[in-house]
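Following are the structures in question.
Each of the two complexes below includes chain A, the first together with chain B, the second together with chain C.
Let's look at the complex of A and B:
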């Protein structure tokens, strides 16, 4: 936190003309406005921190700067000249280098080979030159990587440093870093901060995209907040320099989560009510998904009958592995209690029978089998068990009758119950999934991003289902990255940050700000 | 048995080993480049057979030995073009297309052979050898290694040329990137499709040339299915050798030695059933696979089509 006081572009001598400027840039996709009249400036020798949630339009913005997409309206000025960035190559030639979230290095090649890549096959690589250039960059930005090591053996942070250097070599003036801290350890983040500081001092303009408010305050000279495709607020370099870090932080929380333009009026909260018995409890649960992303540790919360417990948080902070552990899909330490009984090592099917249900966000991947008919997908978690199977024999009449009734009840739109589920739209697949998880003796239902990727009408239907279920006494856990959804449905809200549940607040008028502040990395005092 | 160890016999054994290894060296080097770029060419066997037929037919038809080699290369490349169109461009499963090529060519060449050569069984004259002055006078090794057709020497030099190319240019790097992480190569401004096409066509050309060598130099006749699985052996050699062309040659020579020994033992009148002797080279391949199979590491994107913007 000492950094911003040491190295900050002096507002008085700061350059007047931005290196790159966006003027009223709008980009539409079918059904969404990804960027809506965005106006931003990027100056040389400045780190411009860009904050925003998932779907706020950051990726679209980057892809336009990188020449992958063109704006529908508005223009991009480069050193004052309106410019059409036609291709990634063109972007590089204009001096705009981009480091994407996913690694773009070949893991089996050495650092040197990765840095050299991009010449036609008949050319001779100049190894000495690349060695010298790399050593120079290492000195300049304070990093220490052996150029002959195979990239796959480097840490993620080191790989990223190699990518940043490559982007600088190719571009050089404006460096776009798309969520560079997402996969880094705290030490890696500090190292990246130092590197950005040195590059800024060398006159590079940096766009630093992040979810984390604390990083924006620590590393940014200028901070802008994107919200649903619009610039919800911006702090100029002068403003940031004038305020204390605490004041900056408070101001940004306001910009990110404040009632702002849309306001809280749209949100209809659930009416307060008395909930029943404590139906579901998670005690000190820790685990890690096999995919190797963020795990979760020491998560404790409880849900009462008829209550909706919202789990808010930026995507990838451990929510999905938590849900998978509750459903019995991955191993974990700690206890999951259903009506006071510890479930221990009960498997997915047993938990389902006991009434603990999980509606996954990966609807086509792990939620359903695309090539099987709707009817079988409705009983997917009971395969081989009575009443639908007896003595190993599948009882089609019973399965079909069961499917027919759910088909009606959940208003699935499909030619018949024998249609392969993969042919349905996302909304209808979700209906089948909900039908399966809500049917029978559902006591506790965990929803993971239930409306993600659905259209408006299906979003409404799904939310009504969730609400109705809770009204009928189901204890509900609602995991969502959409804060509006959490605020409109939940009774209490827990916030997950980096695998920990950092706080639980009751829903109410001040919930948005409190939850927002926690999501952005503030801990609830 | 004592007659087995005469100098003439051993020289013939060695010479036979080299001749038997050449098609494997050529096809193996081609496959190696193709695999490195991410295209698994299961059709290699078919391309060898196609090259063998085309080379033989051209040589018999009066194009001469070198015209036969050219015809073999063209046939191999034409077959590889199927791979390029269906797999590299349209993204259809490489294994299926490869099997189709092998099966198709086996049938078509057998048919063509029946129509044109089955009655006459033409035979090409023994190839013109070029003994290297001086070296070929060395006892045993001289007649074994330094008294061959020019193409044999070329095949033995090919791994070194490729090694030099891989090391001294961006070729190896671009191929590796296309096979391991095509999106990174694409982002660096190099055309992935073109890089993979180069690898696939090179494999076709080399397999075709190897096939032409097999029929023109190796045996002087064409027999249906005469490649006897050498395409698959070459695929295995390429996988085990990974990025090292010289290892392909080493493996091919070892296999060639076994093939040659099998033939020599029969000629030498050893009292072992011929079926067992003929099994020898393949038993050796199995042994090698058991010993080194774990070491084979294939490129991450091998067999997967590349489309920009998909992850």
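Let's look at the complex of A and C:
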């Protein structure tokens, strides 16, 4: 199949019938509505940029297009025909190819060998044909990759180009790119942009998912914004074509953060109050996560007693390593001061005892040990300390009594305190986690995406806990990617972009615009 | 409608007491393994029933057989404990045989010299400590590689074992050979200066040491803060970091502790039974114990039971090998079958629970 034979959208008559259309597609998971009545169109010869945060429902949307999941409600039309995409294979046969965020090539094989995979095992791969086809694709999309090189030696950008070509070969009509720029260098992004442009001109329909506004403006013919599973706004191809990039950008900022999206009136801000002493300070803190290569540098802020300091920002801009450094989990440079006292190299347990607490967002991954009972998870950060251990020996009666009282206070729903915590629902795991971090002499609590993945009821409970804690004098740092949450809970808001805190604004009627603009990459000055 | 279809199914299900199912899931695999073993024996031309009765009689019912079985348990129990300590922390110290061999060698070199200059009890105690120290030392390179660079301790541990066997033989042949002996072996500890026997038996004090080590380790792992930290490291390393446990340091400590117990096992075996280290000595106990530790699900008490059963099979099987011509390694065939059927039972149990 060559791309020249594909039907092109005739710019004169306008895109008549979309290649793929979603009509009121809804997908629910226990406790979460991942996609809520999503209606979108994807036309041939168009790059449809889909903007949205993590958790906005992009992944679910993709998995439905790729045939991994089926919508609960609504329908998917392919060239006007309602179609049930039953499997990934079926999706490919319908012409929908997907390139996921994580590389799917075998790094120890050559490009040619990777491209040969996927055929039935009994068929001998036609190597010569694959070579020729690859050379043709390279010419068509303006790329230059040696087919005999081992994939592991290619740059991430080159690997991605191979994956895109493979996805096109298999699908061919609609190409879904799931955050393709996440791991690319700026040069790689430009090259990807050129490649998308050529594919678009060849008549391919492309879904380009990103959370960088500038990329959406630069590469998209059509832009849609997803928020909390809903389409928060869309710009048609005509609209994008008519506006200057600056105007497009401004319009998208409006769609993403502006009032009128969900109505700023809905937000009930925290009442103004006088806060106490400066309880917590971070001065010139820099560090790097040990898991990935995200980091943060030169972050400075302070929180007063009883104050909630919101940290807004798109996921992956250094918030998590910042929280880990504050908690003492990872090494860092700079100072963390608790009630004016520098903590230096104090470890997690010491910081916990001093009243500096960290409620992690990775509740099952690192926050708890799934197979251990609730009771032990409640004292996970006090192992070996009196009164729960004496001379190194575990004192079950005291641990159980402690767990029992927190169980009650935090309304944990479980058969007993001895139930392995992994058997609990997300909401109840969060309750145990909060119980652990808020119990005893908590003075400063850092929450990392505290309501992420919870159902409505537990979101409300968790937010009330955060508010009540602050009302009782806890200096609170609230890291969240949910701007509504930040706006409804915080007293002041700091914004993190690429590991730096680019600005701090007091919460108020204009906070949404200012924070949104900073998140989108415009500095406060 | 649904009630009508539900009712007969509930009535048809037999009501079993609560303990019946776990018991069945423990016993059925054992029976299945014996049955499968019987088929193999039958195919080999032996009478299975004859073989099993002979093994039980020689390994369990006769006093001498029983005593031999118990003595056989000593190194296996201590090595099993070494493995449990590391496995529970999510670390796979499969260099255990190398640590055992060097522990044995160390005690073989040190003990004869010590018993010549001091009372037996402190002399043997010091020899055991020396064996443990060398075992820990031999576990150190894989431990450091794992902690600092994330290099898989299984591979490096196995490599260290190969080096240990060659090193032990070289040391004995080059420096530690008993001049009075033609065989390459260390000087022999006189029988009366080895670990004392329990009164009225051929069983040496080593069994008491082994049981104390096993039970102490089990209690430490399940009841103390150090044990909980070790388990958390094994169950969820990210949670260990989150709770502020120094994971790299713990990895080194745990692997070295496991190595120390491995070396200690060798020293106890040498001072109790062997009396001398021969250049060719390499019983590969560690690999015999690994499946037993898994059968016991890394539980100390269960491990004692499985090691006892295995020892009876080994001792009885050794007699049967002479008498009935069934190879001695048939014992491992039975262990293999048992492992297979237990895993199968577990799988069935799990899929049934998922369907429910």
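Basically, the second predicted complex is superposed on the first by the 455 of 525 C-alpha atoms of A that agree within 3 Å, B and C clash if a C-alpha of one lies under 4 Å from a C-alpha of the other, contacts with A are read in each partner's own complex, and residues count from 1 in each chain.
Just so it is clear, a contact is a pair of C-beta atoms (placed from the backbone, for glycine too) under 8 Å apart; a residue touches a chain by one contact, two chains touch by 3 or more.
The model shown is predicted, which means the values in this text are computed figures rather than measured ones.
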Superposed partners chain B and chain C on chain A - clash or fit: clash
Touched partner set for A:360, first chain B, second chain C, both or neither: second
Partner chain(s) touched by A:125 [first = chain B, second = chain C, both, neither]: first
Which superposed partner A:498 touches (first chain B, second chain C, both, neither): neither
Touched partner set for A:348, first chain B, second chain C, both or neither: second
First, second, both or neither for A:194, with chain B first and chain C second: neither
Residues of chain A that touch chain C when the two form their complex: 327-329, 347-349, 352, 360, 362, 365-372, 376, 380-381, 383-384, 389, 392-394
List of chain C residues in touch with chain A within their complex: 223-226, 228-229, 231-232, 235-236, 238-239, 241-246
Touching residues on chain B, where the partner in the complex is chain A: 168-171, 173-177, 180-181, 183-185, 187-190, 195, 198, 299-300, 311
Chain A to chain B touching residues, read off their complex: 88-89, 102, 104-109, 113-114, 116-125
